[in-house]
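Provided herewith is a single structure, encoded as structure tokens, for subsequent inquiry.
Chain nomenclature is as follows: A, B, C and D, assigned in order of appearance, with residue numbering initiated at 1 for each chain independently.
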Amino acid sequence: MTAGAEPIDSFWRELEEDRLHEECAVFGIFGHPDAAAITALGLHALQHRGQEASGIVTYDGSRFHAEKRLGLVGDNFSNAEVIERLPGSAAIGHNRYSTTGETILRNVQPLFAELETGGFAIGHNGNLTNGLTLRKQLVREGALCQSTTDTEVVLHLVARSQRNRFLDRFIDAIRQLEGAYAFVALSTKKLIGARDPLGIRPLVLGQLDGRYILASETCALDTIGAKYIRDIENGEIVVISEEAGKQVLESHKPFPPQRARPCIFEYIYFARPDSVVGGKSVYDVRKRMGHELARESMVEADVIVPIPDSGVPAALGFSQESGIPFELGIIRNHYVGRTFIQPTQRIRELGVRLKHSANRSQVEGKRVVLVDDSLVRGTTSVKIVQMMRDAGAKEVHFRLASPPITHSDFYGIDTPERDKLLAARMDLEQMRKFVGADTLAFLSVDGLYRAMGEDARDPARPLYTDHCFTGDYPTGLTDMTGESHPKQLSLLAEAG
Amino acid sequence: MTAGAEPIDSFWRELEEDRLHEECAVFGIFGHPDAAAITALGLHALQHRGQEASGIVTYDGSRFHAEKRLGLVGDNFSNAEVIERLPGSAAIGHNRYSTTGETILRNVQPLFAELETGGFAIGHNGNLTNGLTLRKQLVREGALCQSTTDTEVVLHLVARSQRNRFLDRFIDAIRQLEGAYAFVALSTKKLIGARDPLGIRPLVLGQLDGRYILASETCALDTIGAKYIRDIENGEIVVISEEAGKQVLESHKPFPPQRARPCIFEYIYFARPDSVVGGKSVYDVRKRMGHELARESMVEADVIVPIPDSGVPAALGFSQESGIPFELGIIRNHYVGRTFIQPTQRIRELGVRLKHSANRSQVEGKRVVLVDDSLVRGTTSVKIVQMMRDAGAKEVHFRLASPPITHSDFYGIDTPERDKLLAARMDLEQMRKFVGADTLAFLSVDGLYRAMGEDARDPARPLYTDHCFTGDYPTGLTDMTGESHPKQLSLLAEAG
Amino acid sequence: MTAGAEPIDSFWRELEEDRLHEECAVFGIFGHPDAAAITALGLHALQHRGQEASGIVTYDGSRFHAEKRLGLVGDNFSNAEVIERLPGSAAIGHNRYSTTGETILRNVQPLFAELETGGFAIGHNGNLTNGLTLRKQLVREGALCQSTTDTEVVLHLVARSQRNRFLDRFIDAIRQLEGAYAFVALSTKKLIGARDPLGIRPLVLGQLDGRYILASETCALDTIGAKYIRDIENGEIVVISEEAGKQVLESHKPFPPQRARPCIFEYIYFARPDSVVGGKSVYDVRKRMGHELARESMVEADVIVPIPDSGVPAALGFSQESGIPFELGIIRNHYVGRTFIQPTQRIRELGVRLKHSANRSQVEGKRVVLVDDSLVRGTTSVKIVQMMRDAGAKEVHFRLASPPITHSDFYGIDTPERDKLLAARMDLEQMRKFVGADTLAFLSVDGLYRAMGEDARDPARPLYTDHCFTGDYPTGLTDMTGESHPKQLSLLAEAG
Amino acid sequence: MTAGAEPIDSFWRELEEDRLHEECAVFGIFGHPDAAAITALGLHALQHRGQEASGIVTYDGSRFHAEKRLGLVGDNFSNAEVIERLPGSAAIGHNRYSTTGETILRNVQPLFAELETGGFAIGHNGNLTNGLTLRKQLVREGALCQSTTDTEVVLHLVARSQRNRFLDRFIDAIRQLEGAYAFVALSTKKLIGARDPLGIRPLVLGQLDGRYILASETCALDTIGAKYIRDIENGEIVVISEEAGKQVLESHKPFPPQRARPCIFEYIYFARPDSVVGGKSVYDVRKRMGHELARESMVEADVIVPIPDSGVPAALGFSQESGIPFELGIIRNHYVGRTFIQPTQRIRELGVRLKHSANRSQVEGKRVVLVDDSLVRGTTSVKIVQMMRDAGAKEVHFRLASPPITHSDFYGIDTPERDKLLAARMDLEQMRKFVGADTLAFLSVDGLYRAMGEDARDPARPLYTDHCFTGDYPTGLTDMTGESHPKQLSLLAEAG
């Protein structure tokens, strides 16, 4: 940016910040002649989980090959040239949305390391809650860290393990971890997938032309025409290898048996609506959240307007339950790419609407129910409510298809500090006033569980990781409870 | 592209080709300190009308400044640096989708010319039907053409006019034109807007901070917070200048009075749903097309599924009229940017679904009504119907919210040659078989006019340019009826 | 450049400005299967004549192909990809150092135009002295100019000619020109070379594998292994075509016979030392200038130090004539590419020596004779003399192997305005004081002619264009003597 | 490169390969407000020692900042933007010519590591002869290597040292090294310079505005206007820090005292002619090599022609000693940048001369003595001799200003495998026939020592590292004598 250019105006920065950010995606395939190309397609289908950077590592029988790029998969991995630089029939890939570490190339995954016995690469979706503590201990022992990701500690733990077999070293390493992870790893002989003991982050197994595939969501399997086999279980490690020309899958369970507790936010926000997570259609669940929401907090109105695109399924559910017509009262500009820099105060004051605009014909003179999936900081909601009023809405009722977010996440979702969360700072009436709506209502926690097919949440044995709404963190939080979380993970500032 | 890379597989090329392509957008502002920045924002709001290239020309009181780029406005005109290279308080801009001439930089508009009396720039939405004939005559007289656009002939006609005043030269020039145009032009003293005698292509007048704005659609005014004043009339030239520190607008009507006949496709497909064209909400009209379609060709079914995003308003209308629930049975990947090159036959055979995928939970075991806005070649429809069947649809009924397209356009819409148009080659039953649907129905021409608020089409005095459905071309077609349209407009092949 | 960055420090800008700048190079080949590749190699060999931009135009029997790039030939035309975009067996090329018009792509030559009868391209070394006058008249008649080069008027004159054959149109056009030119032009059937009536700028004819070549200097022929045939004569047009599979060369002389008067600066500075210009070895001539200089202004000294690399041949000549040893007392850094921006005042004050440095061991305690080819503004000389003194030189004697430059050039050499020329502002003693040397001497005009093999300059019939030293301009100067030379050739400012 | 493009023709590849390649350069400055800018200028002055990549690391009091780029300093570090990304008053920099490891960004130095006690960066000129052995042992112990350079082992050794102070850790580390090195290192508090026990690679100390500077050669000091203080001694570590606002320099000698034995090739080929190495002017030494060569192997001839630019000083010395005139019989093209790809066999057969061409006027009919600094593979020499004959030379006598190279280097000079060295494969007469000269002569080893100011080489206590001529390697060669040198240092192939 040239000096003198003023920063982007607050509206759009806020809009960007007022979301739960996606986390990451992983993908792997073993024994396929087009391993890199298929991995690129799989990562593209998982782009919604991370847009900052992507990487693919392949193994061709004698060497590993890596390509890492900042930006979208479709911009970086879509041409034949880059795919040709990734030979080999085994590949793993990763889309990154940074939750730890700056987004610079050395942080882009999969990470790679060379052991005495050969190389291996690893990609990680999730976040370790003792990553920093492990890192400090490793540095104290003379380890040199090349990235600022928490994932790198896994490499060092594997390298320092006294075991001989790669799988034993890997189990040695993950036993020391705390937090959430779905890993794909590639050694010279094996493709490995692993999910943390609670199964917080998702990972599914598929098959294409008889070859195994690992992916964060089923939509990646659908995109490439692969068959869904099953979800990797919580605490399970699957090891895919080839014996006598046939693919073999072994399952290991190195942890004590435990009930799964997947992250409820995959259903509310992260997963793609056409994915099936834990056996449930994400689209169906979201619509049911709309149904429950309509039941809990009905209101007399003329039109149900979704906040595009996140609020659409819940708004359809709300409309169907309530009988109030669903209309596109807000239109999204499909060509929002990079952000506009707005050079002068005058421009900023225009209230420019680059991403959304009101569809006045559906709003003017109407009682509008706005539906969105969740409320984070609330800064966007203020603007959207105002945009409805500017377009002539008679009343604006705001409905959220999930409960108030009162606690930060430490498992791979980029939530703001707790004191930035609107629901952690205000009660319902304060929030209503803040966003400027005539009425405001959230789905209840029990309503959320009902949408998931349960009667209610059982506080003794909750079925989902739902601390953002309840404060009930399912694992230890070593890094957070020990010393204060440092802002700066590296002494080295390095570009791209 | 590296040699050896195979071309993109036919599915996606077809999907891209099986659309009516957008045409162009124009924008202009006079007397505003942020002229270039506002023009960039306006072009961004009009991006749906042309994505191949954009240009902005400004005048700073002594010099004109031009920036032209291939690609999206948001990628090319969003930073302060490029805006700083465009000083001046008057600006015009253009988004290009090429209907004549290759997309190379010298063809990107606005075009610029220097007369003895000063410079002027011009941007054009539309297509001339005697452009080639005029071009040949000009070359015969010793004119040197720098571009291969039909717009360039206007520059030469203005330069060769014997009149003194720029406006008189401009009127001299456009009187020689045949076809469709909405022009914005900038001289050293004036901003000019002009619409062809029938008003085929749209152009609206707005105001921001007391300064006049011209734009192809009202959504550009909304995006920048400007006020809509009125549509430029068919055959009208508006001339905006400054006198004694105040903006003055003169209206000229150099053609014999004629009834307007705007292009009906702006309502069906081109205009953004939140725009108001000719006083009608585009979103409303599209929903009414869905209503009419449901009335004309109802079917027993379980679910109405729009083809995203073009079919959404009509599908909502169909659902509301029919009472059959509207569901997102097809999910669109929001991150489709550049196209993937698929390096091997194996990959192509996967039937990869990069842009859309079926939302199986809404389709499986259901009787599905697919709704789209229009049918061009039909190649995509085949794939989409098959995708529904693969996802388990029990029945697939295909409904189009416009009549069969039987004739090519010559006014700025990029339609295929006539023999590529499905409805020009087949009858209804043949088309149904081709796309593989259980039933197929189009909106009737009279149904289309009813959606526009008329009783029916009056063949004696049709209110819209609708030749694509009727073969009734409203202007002469000199280039097409004279000698055959040459494929190659220039002897010079030049990159970017 | 980021705002806030300060401009390059004066030393290096001055050093760059304190040269006569090269002018341009042309090259053409007809009927060779590798026409574009050979043209690229030829332009590379002629890179010393222009480094700002280059272009190649080829004709493949049905279309012309053009590639134009800012920067060096070796950086832009060295890969197979660009050469593959230039198919065809006829090609012309051009290296640009701008003497008129900004260096932007639309000004990069060869220029191209389409006539009713076909296309043609042209490249120009030289400068017209009535180009602006012609341009104004053309614009008055309705011509649209696409570039700001004087060369474009030739295109318009050819296009407007009433003659039928291309050659006749070309002759029509050049008869209206005044000034200096060596042209290469390519039509669909012919390669044409032309030199102005006085032969001010050079152009030679060669042959490779039986195919004719045109080039600015013989070094381009040597580089590609081609045979030198002869110099194109002053006022001659050569037309190369193919008849019955054989190349035919016609010579036309459309001007009244006149004695040649080539530019003397080709020998002093522009041509490459290994070129033979007008039958004379450039290296030999430069050494003889050193001989004559030593004879005219001998001095007692310990060492002859050339200013690299321009002063080397003359310094060798001086050394051989005087018997004083030649030493590299100044070392040139071979890696000076783009210029360093020096961000702070402190850095600027260091007196950083990026291009040259003193070789102290050859200078310290010595009486040094510095030899250079010519003196323009003198600003560099000041620094070089000071650098010698800083390195411990006991005495510094400055010798120039050409006479004082007292007049600007208008024929394609980029000289400063007259009042920036040191010798136009000061007498010899003032100049000596200015540069800080112990003694200062120039070669006399007669000495210069002696080095060329003459007895002396005959003022009645001088054999060379030598107005920079004598004020004797050999052609009319219509643009300069009419109205004042405008600073701004276009109303349009456009980037790259 | 596009597939299908043929590789560069053998001539030019050979010419490139037929050199001793430069090795690397280091530079450091402490406590200067413009540390990064001065380091960039210093690296630019040292560009002749390595052109593949460069890097700069700065420390700003709280963070380190790194910028690493492939290509030339002047292309990558010359603008204000990159310098602004390198804040801080302490900086070290490195130019790379790869002797171990591929040239990819992760191999570009300075390398950086974070210890428990803070970060440090290091740059290395030279080559370790036990680097691979150390690396294997470190990997066995669980170290993760991020680069394929031998320099990285130093980072790990420092990280694993049990000492507390950074300096003690550093001494711990370098005591384990074998081979040649000049290091610059930067910690949070200190700038460190170190030279191996024999002082094989050079390192000098300078001062600018009272701040210490370290550089490979004095020419870097001259370029920035700094004062030369002294050479770092063999086996010396200098530690520069600040105490009470004043710079302090400590000298440490952690090795047993030993006589220095610097590399003789710095004088023959590597160092810039204006540098003073070990107290001797490089230019003077080279001229004296020419003197000695003339004394040892005089020949009757008409002209002494240097091979530019490497042979110029020795040719001047030869000319002065012999009295035969020195002439530029070969002209070098100054614009050789990237290499031309020559797309067809026809082009390759032209014998294109991109880099040099004969200056026929100085060669034709003459007895020519060609002088170069050294002979490696001899492939270029064949072409140059032939070029002289093609230009009409009557006789060609080839003289080399250094002895025959019979042994490979392992200390940082990129020599070919021994069996590619011409002098290791042939006797003098065979070599003469191979290059096609009428006579061929090398400087003797004693002549070389005489040029250095000695009487002769004392085999018992040779003063210089001269194994390339004598086979007398001054250190152990652990990596070479142990197991065979592996071709592939990493399992990971990664682009730039």
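The rule is short, and it goes like this: a residue touches a chain if its C-beta (ideal position, glycine included) is under 8 Å from a C-beta of that chain, and two chains touch if they have at least 3 such contacts.
Predicted model only: the values in this text are computed from it and were never measured.
As for how the two copies chain A and chain D face one another, over half of their interface residue numbers coincide. When each chain is reduced to the average of its Cα atoms, A sits farthest from chain C.
Centroids of chain A and chain B (each the mean of its C-alpha atoms) stand 36 Å apart. Between chain A and chain C the centroid-to-centroid distance comes to 62 Å (mean Cα coordinates, whole Å).
Taking the mean of the C-alpha atoms as each chain's centre, chain A and chain D sit 50 Å apart. Counting only residues that touch two or more partner chains, chain C has 2, 4.
Interface of chain B with chain A (complex): residues 1-2, 4-6, 33-34, 37-38, 40-41, 44-45, 47-48, 51, 72-75, 78-81, 83-84, 208, 219, 222-225, 272-274, 276, 281, 283-284, 309, 312-313, 316, 320, 325-328, 331, 333-344, 346-347, 350-354, 357-362.
Looking at the complex, you find that chain D touches chain A at residues 63-67, 85, 106, 112-116, 118-119, 136, 139-140, 142-146, 155-156, 159-161, 488, 490-495.
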